[in-house]
């Protein structure tokens, strides 16, 4: 019933889509982690205003659907004179949206560290920034690897929304192929398979990383 | 203005959606269709490179307004409402509504047979609006289902959730010619409508619109337009040569 | 074993008081520790031993009184009428004289034993990695862990972890070491090795303040034993005075409880 | 204090052995506990005390030998040549005779003290809530916690938590209680209250097996003290025999370590 | 482009019904997904490999592929296997299946976080497995995983926008429709953004309220 005969022709196109999907997801994870760390610090700050700002940021970027964020950045901002290239808009939106989730994931990590760790670092004279960078962050990242990997998988899938700003990635290519050949099932199944492979690799990487780190840290 | 900008950067950027055979689609993995052929000629006439931005349909008109590209090169049905907001080129194809059904389905042999039955159409399309009008004129109105994506709608004919899908004749004719499970229910119904290309409604864009219209006229005169029509519709299409007053 | 001379004290606590909310946990405590003195703090649970130690390290802000470390005022600027917290820099400047060892070791699990010991040398004292490692190995050897330098905390027994924690503090060459029940979280079998390291330190002349429930250690190693009860110093004296002399009833009761639990040879 | 009579034993361990992977942790242990007997297991860390207790509760499957609880075989059916695990029902039937108290209390944090005590009455013994609460209050009163019935574990001190844990076991009216270092996780000051509850139980005639590092308790309360070393029973006898008699060198060393740490009155 | 609030006011009834449908789908799907997720989690932790591996594969496939594609295959592909679903049914079932995989992983982490000792304490008192699950494990787990549950519920709420591909007239479907009819893009996008903001804010508030209620016993008051 299914007819995959057109697939060989389509594969190079799908490969282009895969590359774009991977590129965007990677950028988003990196941006999301960096902004996430900053926002997390803001969220845990002792200054009310800073904390409030972080809370607002999280509500906004976690609450508004990514598609809407994309549409607003790309199609509404030009109306007030801000013109952002599609790729930048897409990376920024996915990255910032991811950062809101990362913030919460990382916050859990920071809160779960025993306070004694910080105290012992203070007592040997490390300053706040050094404690954060050398003592806390590496542990937080280790503790939150499963959450981060989860988020990375969600990002790979969320990247399908960026076709709304004219960037062609895996889902869009599959849709184009599906409608041009009138074979939606074949191409959607193929796309699903590709996503599955990508995401399995990400989660396998996560397990590997966790095992590698935990081998030493948890006896 | 837009035309001189296009010429100075040597590139005309077209926004469209590659989901709409025979105007824009992927053939063996490459962009093909009537629009592609037409704009290739435009490129030659203006001496510029043509590039395309592929967008989901709900993003196409917002994209035009936000100046993300120079014009919409996907065919848009010319309507009164839309003309208030955008400028249209001369008609480039017939957009009259017809029905697509499962091959051999004897329950629907003429448009009126859809009375009381589930029928699909593209959400927000002028064809959907026409179907709506037509349906209310029937004794028992049809049950209209709106789809975000034409392709899903066509799938529904096979799942049996709808008996037919209304869309523009050129589109469904092409679908039927490519896919042995479908056939077109003739004749078309509703008011006569046409497809045109769209530019922004401002003075900057007028020069571009005029250039496009000039090329359409020129191509009609030298027969290039007819070649393209035969290639994609199977036969030449009779189109008005002046700007029309839309009936809907 | 009385090394007490009348030099200027290393730690000088004057009238220190501390409240958490409305409950006063320390009530005007006076304490001074001379160079090379080993002071043990004993007392019932909740009497404020940990709080006192943590205030001396300024991990808690004391609410009244003054603390001087090697003559420098800790934690506050007192030039004006209004008390003002010192800057982090000034605080670290005073704190560089102190090392602290916690009940829960608080090693950094993502670094090896050597990493734990050298981290501050590199970050704070700006040693090169090579110098730091050299020094780190030497100190680990001193606490009997030369072979365990490349082990992560999770790969070490509790006793070994606590010895790494001691080494980590020693690396910064503090003039006084604070210990908060360093053996309470250890399996009984592992207590000995940690106490041994502490005894060695004491005999080398390290100044130490030790909160402990190990009466044997207090009796054998301390120069001064301080019995704290309900946030006040009830008795202070040499081990002989505390354990054998005339005792106030609270101390008597405290020591009797302890003996009852452990006596099996009468 | 010797209540030992030659009735049939409540717990009878015959030739029990246990391996984790390739390491044998228990080597052919024989042990029998008479009604109302209090047996204390002592020994160095890692000697297999916990493992022995857990095998008696069948929380670990022992690999060789037999265990009988009130004459019933525990954990396996031995009718055929091939050993077969019993069904959960049969296991629960034998286990209803045992209560166990753990080092880490293992209270259920989402239930009040009363909830912890009554849960099994309701779920297992099918008491009505009202009956269960009545009985629960009575037992909590017995361990001195009448007023704390509605407190959650997090609102109780360690000593109080451990007493709730004991009450929870008592509620099921076991004929033997197993304790695995019930006071090791407690602040020294809180050990007394838990030991007191255990002493009371012993004097009421409860049969108990207690793994402990509290030599004072063992000396004062036990009928039999068993010294375990490297998975074998090295010595077994009355407290007098163990603590004052002729000793094998391992036990001598073990007790000497213990005394050194705690002696402050010589 | 001007901001014309009148467009929104004119279409308020449609928008309200779209929003209602979005909430309905979110809530119903979340409830089904939690129950389903619990069973999947039990499967994931089963000692029998014949159970564990297929369930693991289920989770990986569901988590690894986009919801859009799953829903498309369910709704448009289902009839080939005799599975005819109404759009809303398909939407809710699709969402529930999709989120069950995420919930399952969350539940699994929750189960793992409960100390073995607590289970042993119950075991030795003769609790049945069901009693242990229902009285000991689940109540405690909820405290730990509520933040995660809220996260997934928020994601679930936002995934409802995808139900438009199966013609469920939820909020995004209604609003993009209004947008393409009236060209009021900015207005409709704003309404969409605000509505989802409200929805996820409500979810988050509900989450922290539950968290507070659940965790009263975790607060240390001594």
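As written, the chains take the letters A, B, C, D and E, and residue 1 is the first residue of each chain.
We take it that a contact is a pair of C-beta atoms (placed from the backbone, for glycine too) under 8 Å apart; a residue touches a chain by one contact, two chains touch by 3 or more.
Computed from a predicted model, the values in this text were never measured in an experiment.
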Interchain contact steps from chain C to chain D (minimum; 1 if touching): 1
Joint neighbours of chain B and chain A, given as chain labels: E
Between the pairs D-E and A-E, the one where more C-beta pairs touch: A-E
Chain whose average C-alpha position is farthest from chain C's own: B
Averaged-CA centre spacing for the pair chain E and chain A, given as whole angstrom: 19
Euclidean distance of C-alpha centroids - chain B vs chain C, Å: 82
Distance between chain centroids, defined by C-alpha means - chain B, chain E (Å): 38
Intercentroid distance (Cα basis), chain D paired with chain A, Å: 51
Junction residues of chain C, two or more chains touched: none
Residue numbers of chain A (touch at least two other chains): 71, 75-76, 79, 184
Interface hub residues of chain B, defined as touching at least two other chains: 58, 62, 65, 149, 152, 155
Touching chain combinations (by label order): A-B, A-C, A-E, B-E, C-D, D-E
Residues on chain A engaged by chain C in the complex (per definition of touch): 114, 116-117, 119-128, 130, 134-135, 138-139, 142, 213, 216-219
Partner chain E, residues of chain A touching it in the complex: 1, 59-60, 62-69, 71-72, 75-76, 79, 101, 104, 108, 146, 150, 153-154, 157, 160, 171, 184-185, 188-189, 191-192, 195-196, 198-200, 203
Complex interface listing, chain B residues touching chain A: 15, 18-21, 25-29, 53-56, 58-59, 62-63, 65-68, 149-152, 154-155, 175, 178-179
Chain C to chain D touching residues, read off their complex: 44-46, 187-192, 195, 213-220, 239, 243-244, 257-265
Complex contacts: residues of chain E adjacent to chain A: 1, 60-61, 63-70, 72-73, 76-77, 80, 102, 105, 109, 147, 151, 154-155, 158, 161, 172, 185-186, 189, 192-193, 196-197, 199-201, 204
